[in-house]
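Next come two complexes built around subunit A: one with subunit B, the other with subunit C.
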Partner chain A sequence: MRKYSFLWMLLPAFILYSVFIAYPFFSSLGLSFYDWPGIGPKKFIGLANYKNILSGFMSSEFYNALWHNVVFFIWSLILSVVPGLFFAFLLAANMKGTGWLKVVFFFPNTLAIVVVGFLWGLLLNPQWGLINQLFRVVGLDFLAKPWLGDTKTALPTIIFVTAWRGLGFYILIYLAAILGVDREMIEAARIDGASELQIASRIILPHLYSIIATTSMLKFIWTFNIFDIVYAMEGTQGGPAGSTDVLGTLFYRIAFGGLGASQVGMGLGATVVTLIFLIVLPVSIFYVFIVEKRVEKGE
Partner chain B sequence: MAKKLSIVLLLIAMLSPMYAQQKTVSIWGWRAQDVDVWKGVEAALKAKGEQISIRYEVFPPTEYDSKLLVSLQGGVGPDIMYTRRLPGARTQALLDNGYLTAINGLVDLSNFDDVSLSFISTDNKVWGVPFANQIIGIFYNKAIFDKYKLKEPQTWDEMVQIAETLKKNGVTPFFVTGKEAWILAMQNAMVGVSYPGDEWIGKLTVGKAKFTDPEYVNMLKDLNALKKYYQKDFMANTSAEQDVAFAMEQAAMVFYGVWGNTNWLKMNPDLKFDYFPIPPKDKNVPARAYTYMDGAYGLNNTSKNKEAALKVLNYTGTKTYGELFSSTTGEITAIKGVTMPASKPILVKCYEKMTTIAAKNRYWVGSPFDAGTPSVYNILEKDMQSMYLDQMTPEALAKRLQDGISTWYPAFKK
Partner chain C sequence: MLKFNGFQKVLAWIFLLLLAFANLYPIGIMMLSSFKSTKEIFLEPFNLPSVWRWQNYVSAWQRADFATYFKNSVLVTALSIVSIIIVSSMAAYVIARFDFKFKRGVYLYMLAGLALPTRLAIIPIFLIMRNLHLLDKLSGLVIVYTASGIAFSVFLLVNFFKNLPRDIEDSAKIDGAGPFRIYWQIDLPLLKPALVTVAMFNFIDVWNDFFFPLILLSSKAKKTVPLGLQAFFGEYTVEWDVLFAALNISVLPILIVFLILSKQFIAGLTEGALK
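Up next, the complex of A and B:
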């Protein structure tokens, strides 16, 4: 009996996991096979919701949103990893003011996304926003654009704002990894005549590959669940003309209806959620695998 | 000690019936501006000796309907719920599942006209107490119009001429909120009742006209051409920015609803503004105002507190309530015969237009085109942005409307 006493210790976590993760997921999965406006009896329709989303009347909106998630992931990854590594190396050099810079870089991360969306909405106002005013003052009038009102610039702008907010997180993670590299190895390379660039690229960077892989996978998972920043900056429609629509806003519109007059479609919304889960699942499994490998290696 | 204890017990015994009679009526809605209205209702009911407290919960408009539906399904809904209009898929869902009580005979509805009640009725059954009527159209700055000796236009071309005059004089003729898709849908709808017109929409409703008809396509072309008179980069502006621009007299006209007046006057109490309906292209077609019943208070059929809830609903059907509603929110009550506050001349003017030139037919909210998916509203929200961004032609937008509505609207399927 004592052999299985550990099960009692697992019980609280199991209950919490079941109630808040497993049940909602399986409930949502089940709902995706029904036509249900959120009220009244559910009508079983098999795979019809999946057909409507993947090849039916919702397919163009779904693939449009999916593509935006892909673009969002690629660009926000580049805008997070590259500057993140750059500033982490700079901070690791321990120059004057490093501590202050860490606070500055991390500060946007402490702001709620809705606040970030609101602030950037003000900054980007086409008539009196600070960004366009600055461009006009320095003679770069051609850059004073309706950033959030143009289909060409709206999504890149939101990606930039997201990367700006999250940069501090990546800097801190990479900085911790850089500082974790064996100092003796770096000193030995220095004595052997290696330049700082060689040390950075041939000794430190290879040590960061697994942490870069880990953060990239986290970025993938976060990006495919993104909703709040688009909602805060462009509303539920993912405007203008659907140019910033992502799977999160598409789900929201289908399941909750937005301001339009349509009936809400909980079953169809649950289908979008299930598809998001299926996209994110393989990456999540791989992420867990990578993390376990790192733990085994003692990194 | 025993004496003190007996006094306390006596007090408890005296007070407990009062608490026992106290009823709390829960109300759910999407209108944050109504908080003070409900405080006023509670005070008025208490003054009449009714021991009723009101707990009003506000939800974001975009989430309200789904939260209400799911909560009712789970048996935790409010006693009174704000409902939208009929025909309309969301209100219909409440009806189909038996969550609304027909209030004929339970609430005195003699203070409402038939048009207001028609927005929340089916088969002579009334499903809620209408709370506000809205009117949409063009609100203009009187000082700017006076400065350039401009008068309310009688035709579309006169309106374009006014815009031209203003633009030449360095004034932004129109402030338009391209970032908020629903306002563009509303703009399209308010233009439609005058151009191509009320009568044409009547034909559209019975399937004798199509969105692809030249009358409608020409309207879309003219509306698209009007954008040269909008503020620069209008596709990136929100309604909050519009409020600031109009209140601070940075633009002469806005396409909006009467509810905007409260914000404008808060920002600039000296602002002088007025209203005109969208003028028709053809001067032989009458200018019409797009009006609609904004919503109603529905009685939850599963409420365990119906008696108290009905007392609240009966109060919301009185002229006293209508006066309270209009003076508190700055909007037009759905109760007929209520004198609009003289301190708000815009309400007096809009109320007069509402009773004299309201369109009978419409294709946006409160219309039969609002009852299925995709609705005209859904299509216009996205496609008006595309048209203004030159990514969709007026002809293509008209075709998208015709094709989309034809998938479910009976008169288009014939």
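Up next, the complex of A and C:
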């Protein structure tokens, strides 16, 4: 047994991770079969929670929020990949004096999401916010509107603010991937007369597919973490009129109450979690195997 | 890599500067507004402050009880980072250096934490904390942050451990040093740059986190900065001068750390993400 005496050093991380990260996901599955407000005895109700959420009284709220997560994912994917690649390519030309731009681009990422939400909430204030005043000054009065107060524009606005914060992260990742492409291949193409655009699109871009794929998978998974930005800009209700409600805020209302929760229950909340988990799990497993394979190959 | 001609360079610079402006302008406005009066913010939003009103900061600091929030945030962040580093580096050392049954399984199992929306685990976490009487305790938060920082930190550190030269270790082994001594006296000092990277990422995550304190804390005396900020915004909705000052106060520590360490930070980010 002395041979394995080093294993104790693994234990603290293993135990903490198991108890507070791994176990809760399975424990949620167990809780989802119960009706339980959080204290007192649990009542086993079989699949009733699932029925209520998927086709019962909670279903319209659930699908509404789920749809917003989907919209959120698709748009923030587009808003990170397209400008992310574009600016990464511009930085990849390694022009003199562009080093500081990386720091600037990344900076919004270091701000707390609630800080970003509150800041943009003030900037987007319909009356006194800077954004609308700016639109009025330059004569685009029709754009000066209550962006966060209109059911049509509220979600797009939140998605935009999230993209504003996150873009720099993707630029830097894509830039690093571009710089990792074999230089000789690029030189050879250049000697063969390829234009810079052709080099970027035909030679470099194909090498970026795998990093785009993994960042997209992470983005998909993290989409289900979205909570702070909606909370800070539109409150726990995901207002106006539920137009920005996401699974994170819905789940928060169900499990931990708050004003205007249509139903409070740990069991019901755990059911929402389990359903999200079922959506995310295949992607998570796929992601972990890809990353592990890449690490193995890199050695 | 790419080579631009003169015209392309001009065009590239225009786009790059536009994005830099879009990034900096809202933050600049936040900083300038924090020195104005509310009336000035409303009526002269684009101008520099006519008088630099430092009293906005004094007033925000006192009214929001930022002293308490800062003390709590500093305590939680510092303790979390230290325990994440100790726990994760030991685990990474074992995974990178030793062979044992189920090693690959254990590693994959921990990697999975990278790809889970950890917030969804909050109901059982809340219940565990309640059973342990750690609700509304800063130590409860530290435990949760340590657990949720493990996956990413172990992942980064395993890669760094694998790149360490093994010959010093081997000679130490011959001299009879045990695994822990090798880890503690030889590897950790060599790993300092990697530990700085891990500390920075976790600093940003923990300092900025809003979700776990929202669920796990309840009393005013325990609030961390983001949670205190939220309470402040709920209370003083119309006094924009102190609101902007409060935003700046909460951002300042991150700003300082980031500006000092931005180079290491960007290097660590790209290295970690590309692996």
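Note that the second predicted complex is superposed on the first by the 273 of 299 C-alpha atoms of A that agree within 3 Å, B and C clash if a C-alpha of one lies under 4 Å from a C-alpha of the other, contacts with A are read in each partner's own complex, and residues count from 1 in each chain.
Note that contacts are C-beta pairs under 8 Å (C-beta built on N, C-alpha and C of every residue); 3 or more make two chains touch, one makes a residue touch a chain.
Bear in mind that the values here come from a model prediction, so they are computed numbers and not experimental data.
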Touched partner set for A:Gly166, first subunit B, second subunit C, both or neither: neither
First (subunit B), second (subunit C), both or neither touched by A:Gly84: neither
Which superposed partner A:Pro146 touches (first subunit B, second subunit C, both, neither): first
Broader residue contact with subunit A after superposition on the shared chain, subunit B or subunit C: C
Which superposed partner A:Phe256 touches (first subunit B, second subunit C, both, neither): both
Partner chain(s) touched by A:Ala241 [first = subunit B, second = subunit C, both, neither]: first
Doubly contacted residues of subunit A, that is, touched by subunit B and again by subunit C: 255-256, 266
In the complex with subunit C, residue positions of subunit A that touch it: 4-7, 9-10, 12-14, 16-17, 19-25, 27-28, 31, 83, 86-87, 89-95, 98, 101-108, 110-115, 118-120, 122-123, 128, 130, 133-134, 137, 164, 167-169, 172-173, 175-181, 183, 186, 190, 196, 199-200, 204, 211, 215, 217-218, 221-222, 224-225, 227-228, 231-232, 248, 251, 255-256, 266, 269-270, 273, 276-277, 280, 283-285, 287-289, 291-292, 294-295, 298-299
Contact set on subunit C toward subunit A in their complex: 1-4, 8-9, 12-13, 15-16, 19-20, 22-24, 26-27, 29-30, 41-42, 45-46, 86-88, 90-91, 93-95, 97-98, 100, 106-128, 143-144, 146-148, 150-151, 154-155, 158-159, 162, 178-180, 183, 204, 207-211, 215, 226, 229-230, 233, 240, 243-244, 247, 250-251, 254-255, 258-259, 262, 265-266, 269-271, 273-275
Residue ranges of subunit A in contact with subunit B within the complex: 37-40, 121, 124-127, 145-151, 234-237, 239-242, 252, 255-266
For the subunit B and subunit A complex, residues of the former touching the latter: 61-63, 65-66, 69-70, 72-73, 88-90, 92-94, 96-97, 99, 178-182, 231-238, 241, 245, 365, 370-375, 377-378, 381-383, 385-386, 389, 391-392
